[in-house]
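Shown next, in structure tokens, is the structure this report addresses.
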Amino acid sequence: MCRWAAYSGPEIFLEEVVSRPEHSLISQSINAEEGKTDTNGDGFGMAWYGEKTEPGLFRDTYPAWSDPNLLNLAAHVKSHLFLAHVRASTGSATSRNNCHPFAYKNWSFMHNGMLGGYGGYRKAVDQMIPDELYEHRKGATDSEAAFLIALGNGLMDNPKLAMQNTLGTLEKLARASGEKPYMRFTAAFSDGKRLCAVRYASDKFAPTLYIRKLCKFGGHTLVSEPLEIGDSSWEEVPPNTFVCIQNGKVEMSEFSLA
Amino acid sequence: MCRWAAYSGPEIFLEEVVSRPEHSLISQSINAEEGKTDTNGDGFGMAWYGEKTEPGLFRDTYPAWSDPNLLNLAAHVKSHLFLAHVRASTGSATSRNNCHPFAYKNWSFMHNGMLGGYGGYRKAVDQMIPDELYEHRKGATDSEAAFLIALGNGLMDNPKLAMQNTLGTLEKLARASGEKPYMRFTAAFSDGKRLCAVRYASDKFAPTLYIRKLCKFGGHTLVSEPLEIGDSSWEEVPPNTFVCIQNGKVEMSEFSLA
Amino acid sequence: MCRWAAYSGPEIFLEEVVSRPEHSLISQSINAEEGKTDTNGDGFGMAWYGEKTEPGLFRDTYPAWSDPNLLNLAAHVKSHLFLAHVRASTGSATSRNNCHPFAYKNWSFMHNGMLGGYGGYRKAVDQMIPDELYEHRKGATDSEAAFLIALGNGLMDNPKLAMQNTLGTLEKLARASGEKPYMRFTAAFSDGKRLCAVRYASDKFAPTLYIRKLCKFGGHTLVSEPLEIGDSSWEEVPPNTFVCIQNGKVEMSEFSLA
Amino acid sequence: MCRWAAYSGPEIFLEEVVSRPEHSLISQSINAEEGKTDTNGDGFGMAWYGEKTEPGLFRDTYPAWSDPNLLNLAAHVKSHLFLAHVRASTGSATSRNNCHPFAYKNWSFMHNGMLGGYGGYRKAVDQMIPDELYEHRKGATDSEAAFLIALGNGLMDNPKLAMQNTLGTLEKLARASGEKPYMRFTAAFSDGKRLCAVRYASDKFAPTLYIRKLCKFGGHTLVSEPLEIGDSSWEEVPPNTFVCIQNGKVEMSEFSLA
């Protein structure tokens, strides 16, 4: 699996989440506590919002723990909303196009999880990507496909509904053609104004998700696992939950498939 | 576009084609004479046959002219049949999965050319890839797709017929949904025993192809452009031709779409 | 050789110099007009100043023309002072540590040129690097060594004098142990407040340097070759010149070796 | 630290050591049992001997466990004598030039260990590299320097004596200018005919070394840790030992510094 972290709030350097904390995302790339694999060395990526509507995007295939470009960028780029991800592949090759986050116009997306037996019906999944978005299908991950399908399902207008429909269709496909576990899906996505996330699984093992409402800079951080081990200020987001953070307000609601 | 070179005959070091000649493939990567672009620095690859049925495969995204691994491998690997390629992208990203040659079981394939307007109907092209081969669709190039579609069309049994059918279907799609030039296709492919090639275009500009029947090592070399500038021992393979080299014999026949 | 470009003035996106102009630095990486080689595909780098004293630094070994990270970063990072470089190796390997710019504390440095016969007396050059700076000697280029030696010669206090001494010693070494041309040195360096450059050679062929005093954003750009072909608003900086730009003012003075 | 494995005997595919065994070198790159770090993801390399006097050499900075080129090469290259290494950096950057094995003419060398406080006196170490070999100093590792210094000390004529002198000088330097542990040195080196190794440390913790005299293919394998967990056919090579394998014969002798 993978680990990710996202932030929304006053502008901060990306390093405050990506590299500086005791158990930062980079620390989790070599030594995750709660992930399926403790090493997440199959690439990394960051998407961050600033003046422009599209996010900046930086992704590479090296292990996060030793990449000087990643460390340097995190130390010198500031943003009010950003997504960062370290990858442990569940099958697709290590290639920049298979690294998260993915970006389309002003939207960015990253994912921790899997689609059970995906390799066996990827063709059907690709076919679900809207024609007009297919040129943006650059890699072969289930994650990138889910993002493009969600865009086709109206992610830009109603993120929650789009996700319900998307995961609904994908899980149906997994149940028909795939294998257990059919779906594990803990993802974050943003349009630069709101930061959303969903924690869902077809079984009891939805990949972890935590939120910290109080944060030294005044914002909110959503993470796969806490940035400090043993810190109780992190609140677990329950499975089957949709989260949306905008203008400092956090809304959580129950999430079930369409 | 790209440049490529292939060899069939007594075992030789790959460097005798890839790096040592005056205008070797590596020389062509920085300074091609006849290609659409004179720089072909978007990656390279080599597939070579030895003891095993599957070929060895080495591909990377660096410019060929400065990659020490490529130079070293070419100098130390010997083969009786190999394919080598340097890439100039016609749209798809620079990624190992988009570098040629592609390989499937004992078959390898590389291509110089394009499918006109491909980016606009790639989804339809992907759908033509047989279900059981889709997991081998790792990148996003028209070349990789053509290879997999050809495999589905019986490349393993009748390479020429499979190519006629494949290019026939692809050109029809290009004419319906794409743009001129609809198809430029000069490709080489092999199963480790025979080395085949096709030179075809929907217009008068089929990417170049030369063959040298006399070769200091006793084999045959098929190339995009001669390995020595001004050397008249290279014979041009006419457009609309299918070539097959096996056991030292060269067969050329007319090639037209199905 | 290489191509580079630097900017000092009101904050602008790096892309205004690196990728957007008609003959931008990225354009020059594949098609330089005035460089020794027209292809500069052996890596690239950018150093930019913002809130922190140290610059951000991003360097990679891929050709600049096809690297999505470079294009994306240039489009999303803003700075009031930055250096950008595309490399054509004069011998040292393609490795991130051999890419420019180099950085040390608040200083950054990049270079176009060479030290004649350097490979034959690199050991002596390395020995000129101050002991306390040796741990920052990460690659094997003459450029990185010159930077560290200049730091030891007081670059931080008096850049011009430090360069005179540094180039003086290096040229003496080249004349004693190397070969013609002994030195070609057109470099830019900065502490985040002032942007300096020197254009020097031991013969008549100092690598080119241009400055544009009028610039749509109100700042100054120093470049190896103009960012628009045929644009006469670019003024050539004569050989044997030291340039310093600070607070919008440009000072040029004669430069000769110590 | 790092893990390595070397083989000498009848020609075998490199994969029989590098990737196929239950606890192969690639398996050790993600999950070493006895190394200082359990992840060795800072690059890899292989040097193999064939027809030519110089070895083939392939090195890259990616984690070994996910690199398709490494897996493919190991499966398709055969050799009677080869060295393979996966790296966990002790300070020097992740760069191809800092990956092992290193090669010079017909010699190759790889190392597991460290020189205590090396970063603080690297300049002095670099100065010990013979002038005529300095152009081969491409990276910044203690390992590469030790190899070049050993070559200067007559490695080609008397490997054991050269190592005794080299480690003697280096340890003296570490004791004078460095810190504990002064030296940990378990290395393998070869000229294509004999495969040698040394296991040494200035304290009681010489990095592990095992040898297996019986091997399904009839050769000998020297490894940092056994290729099968719990397999008792592996014999530990004691600390302070010099090993030399030639023509199927193994000679071990006591090793102490000069």
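In this document, chain identifiers A, B, C and D correspond to the written order of the chains, with residue numbering beginning at 1 in each.
Heads up, the rule we're going with is that contacts are C-beta pairs under 8 Å (C-beta built on N, C-alpha and C of every residue); 3 or more make two chains touch, one makes a residue touch a chain.
Please read these numbers as outputs of a predicted model, since none were measured by experiment.
Asker: How many degrees of rotation carry the C-alpha atoms of chain C onto those of chain D, rounded to the nearest 5?
Answerer: Chain C sits rotated relative to chain D by 180 degrees.
Asker: Where chain A and chain C touch, do the two copies share over half of their residue numbers, giving same, or under half, giving different?
Answerer: Comparing the two copies, chain A and chain C contact each other through largely the same residue numbers, since over half are shared.
Asker: Mind checking the centre-to-centre distance between chain C and chain D? Centres are C-alpha means, answer in whole Å.
Answerer: About 38 Å separates the centre of chain C from that of chain D.
Asker: Taking the mean of the C-alpha atoms as each chain's centre, how many Å separate chain B from chain C?
Answerer: Here the centre of chain C sits 40 Å away from the centre of chain B.
Asker: Give me the residues of chain A that touch two or more other chains.
Answerer: 68, 93, 96
Asker: Within their complex, state which residues of chain B touch chain C.
Answerer: Touch list, chain B to chain C: 30, 39, 41-42, 61-63, 65-68, 89, 93-94.
Asker: Considering only the defined contacts, which chain D positions touch chain B in the complex?
Answerer: Going by the criterion above, the answer is residues 48, 50-52, 55-60, 68-69, 72-73, 75-78, 96.
Asker: Show me the residue ranges of chain A that touch chain B in the complex, using the header's touch definition.
Answerer: For this pair, the touching residues of chain A are 93, 95-97, 119-120, 122-123, 126-127, 129, 131, 134-135, 137-140.
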